[in-house]
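We just call them A, B, C and D in the order they show up, numbering each chain from 1.
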């Protein structure tokens, strides 16, 4: 486990974030807002927010860091952590932990690998995680929301019902995956129910500041830090926190994980809502949001902002 | 870049290595010596060596840490670093930097991705790197050996001619890959020549102590450390060293990269000769060798030894 | 179009069928009854029936030629013919006519070919056909049964409700395919409804004599022949009948189509209920049933019986 | 075996061929001359020739039916027949007889099916056939030419040395396939030698009249018919001739076999030189040549001409 490093707030974060904010705006127009869910396609493209939370409790923000956005695949991180806490290493019987080397919604590997998804962060893997949690919770949608409200100290956190509905109505490919894995015995609940839970989960909204806080335990040896609302607690064991970060580093950015590791070198989780959260173990977390996506579904300005942040601060994973 | 962390030699490395050595022996017999090259199949299976080199110049070893073994794919790391120094970012036009999600000698991706290999550490990628270097050096085999002799301060380092010949004679699948990529214009030299160079490179032999020293620049911000033989030099830029480590973390263990990251959490490169080298940025390097391999071609005792080392020292990547 | 050839009943069919019946019994035990649907797995394995219908109206039978069996994929032939009559060449926008070269329930091609199945006789293709027919008929299950009652003059023909239900409850993989194609816009109706119709269709039961009669129009230039119950009619155009036969020859036996063409040389359609129907253009039809299947899902004794019949009669396609 | 049908020369072939010739010219410009071998790319595109040979010895021709063209893949038919005569059913241990469902030069299936090509008419399969023949003949190139001179009674038949050389120099992908199959033990000779033979074979030139004559045995129960030069002989057994035709029907037109069967319904073999030969069992053979190819590598005018011929004569396979 990393010894806490030299106090991070000695780095002049405020001018750095301002500089990144300025530079990032030159990239507006290079990507496209996700259009595979009608409701997501209506988000205004030229938005950018960024928040940094340090383990000493200080926080720094720029741009629209308090505008809520749709977490989408970023919620896969929270669902996975919940399942890991409940199932422990037994989890790995039902999902792998290797990079997929394929698009997030590919079915090809699923066929050659008999219904066991490559990792918990591609869609198929996230559906298995949701299936596992669906077996554990009578009302998974509510349980998930409760867990996230606690991590963020935001009592009004919720899913966007409009987006959840839109997503559920067009979830044909995810339904196909769930049924396909069911044919291999790797989805136990009715796919319709799994998808109901999955779509509500994906539609949960947070802002950058909340997202940075919610993932702080991953930067802090599994321990949630004290907030105004409550004292910190050991949310995950230090070794599990380290492992989750390793998984985010190798699998957190769909099939651009290698490129993210190369350019940014931090554990990240991205979402098609345009959000990215990055973990700087021993230091803190960074959340960034900008809805325009590249061809692989990752935020163009978000990836740029994280790359610049590591260059300007020298922060990286190791 | 990581600030040098608390002096690593405060950790009692000698008893730790001895303990790992003892524990590892219980795993003899669980793997199998590589048999795809006749000459490699003759290596005695029950061998184990381990060496740790720290950035303060101290070294620690246990078992057969001074027995030379066939580096095999570990040489892909050195070839890649050489090519990166020569070509810079232009390199990425001819090879990707994503985990392959497939076996090290798969041709399927190569077809769907038009002859551009996923990364420099799968066979196809290493062949492209060799092709690039073949265009640069009149006698690549000698140039490569010269570079490694310098990094190790071992003037008698060489390839095993018997293994190189055996490997060349059975290199049908690698020949297939080289011709296949040539059909896409991504191999410029005659495949026969590329394979000659490639097979000599793979057959280079080192021992654990030499391997740990040879990779030290990756743990030390790209800077080679002073040795008895010569003063250190900046072998790679700090940012390139960090990037090479990121690539090793996501792609260094064939299609077990995710599992290695999860269990060990360090940048590694493995070889079917049974060697593994791991980088602990800011601290040092670890080389381990045990010829028995698991189903994915990685050393069984080697992976175990690295996992135990990270548990017993708390070292990891971040 | 083939001129009617020398009267086929000059061939001594009765002793030939008896000989085949005797020889075939030596193969009992070489295959296995389909077990992927619980209800099908209960069929007694050692059964064999065979019926030949000639275009002069004569019929010949041996063994259990009047025992009803589950048509399963053989119904794909009738569904396709119905859709071809309704849609004409427009049909080919939604389904291909190439051999798949893959297992009947593979999803891999479906992904690389954007939801357009290779041909109407693999499961994915048959589901598209069912979707097309579902859009045409308010009660497709009843319409299909009506069409088959007419072709067979068997007013009590029906589906086996037990098998239809069993099949529907375990249709996860077919549901996956239907949802997958829906994600590409190639299934228009709700997958649940398409599967209801599909499973009832597959569960329709006939005996060999009925099956031979029901397909007679394909041997007779598209024209149904006179029966005791009613005069013949032009069911398909001669050129469409020829084309259906071509499709059966290249795609009628799952991924064993090439082997069937090589050994038997006739247009066929097979089903996992153990039935096979073969067309001898210009002569007549042959239906054979024996529940034990080979590894590719085709009846072991059925394929043998057809191969022997072509050897003993000299009948083949050409 | 088909009884010889009503004398085919009662059909007014001369005006039919003239009509087809006229109609076909409207399609000039719809396809493209093969460009993957530089020497082939130089063929003038707007050419068309067609010849029909009947089993009564009569022949009919139109257009450039006596202009030699590069047979290319059509030679795979002759090589396969030679190997079948030599090896009999043992041949099927090294090559399959199923449609590939993939492009003629795909390596994907070869990997999943362990170096056994799907059928003798895709490139990989033809290379295995060449390897088999290379083991049998000291000078396969000469032996092949000798066999074709005999079948055509054309003593000056030869390969085009310019095209053979051009093809050999750019045969990277075929070399890749040969080495790949060698890695599975399914190529026994040095790939360089196999490719030498293969490229000379592909570069053999014939005209339509010669090609129609050379394949006559397939229309005539395996029996070569009498020519001015020599009496006919039983070249293949009737059952083997029937089987070769079945294979041509399912696999003779690359991955357009299903479409050819549907539209034309005859056993065919196509080549990227623009030639197509079709067998009308019991009647005769048809050779057509027009260098412009469709996207799947088949002659545009050639396919059209065959489709029209079957429509205007009623000839088809059955």
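The rule is simple: a residue touches a chain if its C-beta (ideal position, glycine included) is under 8 Å from a C-beta of that chain, and two chains touch if they have at least 3 such contacts.
Note that the structure is predicted; figures quoted are calculated from it, not measured.
Shared contact partners of chain B and chain D, listed by label: none present.
Put simply, the chain farthest from chain A by mean CA position is D.
Counting every residue number used by either copy at the chain C-chain D contact, over half are found in both chains.
Each chain gets one centre point, the mean of its Cα atoms, and the points for chain C and chain D are 32 Å apart. Centres computed as Cα averages put chain A at a distance of 57 Å from chain D. Along chain D, no residue makes contact with two or more other chains. The touch graph of these protein chains is a ring, one cycle where each chain has exactly two neighbours. Those residues of chain A whose C-beta lies close enough to touch chain B in the complex are 1-3, 5-6, 96-102, 109, 118-119, 239, 242-243, 245-247, 249-251, 255-259, 261-263, 265, 281-282, 311, 314, 316-318. By the touch rule above, chain B contacts chain D in their complex via residues 106-108, 110-112, 172-173, 175-180, 182-183, 191.
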